[in-house]
Amino acid sequence: MKISARNQIRGRIVEVAKGATTAHVRIDIGGGAIITASITNEAVDELRLREGDDAYAVVKASDVMVAVD
Amino acid sequence: MKISARNQIRGRIVEVAKGATTAHVRIDIGGGAIITASITNEAVDELRLREGDDAYAVVKASDVMVAVD
Amino acid sequence: MKISARNQIRGRIVEVAKGATTAHVRIDIGGGAIITASITNEAVDELRLREGDDAYAVVKASDVMVAVD
Amino acid sequence: MKISARNQIRGRIVEVAKGATTAHVRIDIGGGAIITASITNEAVDELRLREGDDAYAVVKASDVMVAVD
Amino acid sequence: MKISARNQIRGRIVEVAKGATTAHVRIDIGGGAIITASITNEAVDELRLREGDDAYAVVKASDVMVAVD
Amino acid sequence: MKISARNQIRGRIVEVAKGATTAHVRIDIGGGAIITASITNEAVDELRLREGDDAYAVVKASDVMVAVD
């Protein structure tokens, strides 16, 4: 499946923390940057996401803001 | 100003393309990864975003999905 | 590629309208329902989206609201 | 109240699962498709959402992505 | 129609600017604060949004961030 | 840090409610309006958000809808 989301950044899962309904998955994308995703517990189970797995952080362009110092 | 968004990734602006109301800003975050942001033309003007500037791509954790091959 | 987004609804593209930077793609998902997606022109080009093609409308669960009459 | 969101899909609630702060509501929109919404527990209470109720899944066009096989 | 979105802020439309596919609508919510919405041109037409009209800015709680100085 | 998000509304925090992974923060922006933000517990801790603090509700323009009666 190919998806329209402009941002598909490859990395490695470094943490999967499930809550009551919502999980936080942290993906190390290299260069010292870690991306945190807040997704459903169901998605974690269905994709069998585990620490150490390769994964992509996927973000639609309209959900990205720009900041400057 | 400090913001709650979990993802604030430092990089360099490599392209600013304005449309009729919406602009696309591309930020090179290193390691071969470029993040595309779709923001208003107004924001581009107000922050004076230009190619070559340092900038952050900012994304709320609830807007990040996870994908696997 | 498998993605965490909970909503991946199969349908057929009935319209692709490109703007200056942003395109609107309309997908008929059956039962009289049409879903409108606002995505980048780039994504339309890269995925070669055309009227008549099969496609999925993909939505993260945290982007869905519920309404009642 | 009429809202600008382009996607307002009629269906029937088939599950309401509350978590600590976030609930998941699943709406059967027919044709075998079920849409999952992640909303606050407060919204579930205020709208009195219950399994079996008619409801709409509402999604802003800019939150819809397109995927192809 | 009642919607789950936690934030429905009443105000008055002070500007409607249509682009190629995307419009910007600015709503004065009082106290010197103006909220900008980026919505489709279609939605502007369908709801007949015009300067001077009463309107609500509607935002899902998961799309709100918090910042401090 | 200056951010591209068009909506940065000043107010005072009136409630911070943490869940298992997701917190709800309510900000009184005056004129009887309260904005609810759903953010990670981590963000609450990192920004040390507490009832009574001044804070901004920050929303990207593409996440704002418009409704009329």
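As written, the chain order gives the labels A, B, C, D, E and F, with residue 1 at the start of each chain.
In this section, a residue touches a chain if its C-beta (ideal position, glycine included) is under 8 Å from a C-beta of that chain, and two chains touch if they have at least 3 such contacts.
Quick caveat, the model's predicted, so the values are computed rather than measured.
Student: Any chains in contact with both subunit B and subunit C?
Tutor: A, E
Student: Farthest from subunit B by Cα centre, which chain is it? Let me know.
Tutor: The chain lying farthest from subunit B is D.
Student: Through what angle, between 0 and 180°, must subunit A be rotated so its C-alpha atoms fit those of subunit D, rounded to a multiple of 5?
Tutor: Nearest-5 rotation angle for the superposition: 120 degrees.
Student: Approximately how many whole Å separate the CA-defined centres of subunit A and subunit C?
Tutor: Subunit A and subunit C have C-alpha centres separated by 21 Å.
Student: Where the CA atoms of subunit C average out and where those of subunit F average out, how many Å apart are those spots?
Tutor: Centre-to-centre distance between subunit C and subunit F: 29 Å.
Student: Using the average of all C-alpha atoms in each chain as its centre, how far is it in Å between subunit E and subunit F?
Tutor: 17
Student: Between subunit D and subunit F, tell me the centre distance in angstrom, where each centre is the average of that chain's C-alpha atoms.
Tutor: Each chain reduced to its C-alpha mean, subunit D and subunit F end up 23 Å apart.
Student: What are the residues of subunit F that contact at least two other chains?
Tutor: 1-6, 19-22, 24, 36-40, 42-43, 47, 49, 56, 58, 60-63, 65-69
Student: So how do the chains connect up here, line, ring, star, complete, or something else (other)?
Tutor: Shape = other; not a path, cycle, star or full graph.
Student: Strictly by the criterion at the top, what is the full list of touching chain pairs?
Tutor: The complete list of chain pairs in contact reads A-B, A-C, A-D, A-F, B-C, B-E, B-F, C-D, C-E, D-E, D-F, E-F.
Student: Under the stated contact criterion, what part of subunit B meets subunit C in this complex?
Tutor: 17-24, 36, 38, 62-63, 65-69
Student: Any idea which subunit F residues touch subunit A in the complex?
Tutor: So the residues of subunit F touching subunit A come out as 1-5, 19-22, 40, 42, 60, 62.
Student: Which of the residues in subunit A end up touching subunit B in this complex?
Tutor: My answer: residues 3, 5-10, 13, 24-25, 27, 29-31, 33, 35-39, 43, 47, 49, 53-69.
Student: Any idea which subunit B residues touch subunit F in the complex?
Tutor: Interface residues on subunit B, with respect to subunit F: 1-6, 37-40, 42-44, 46-47, 49, 56, 58, 60-62.
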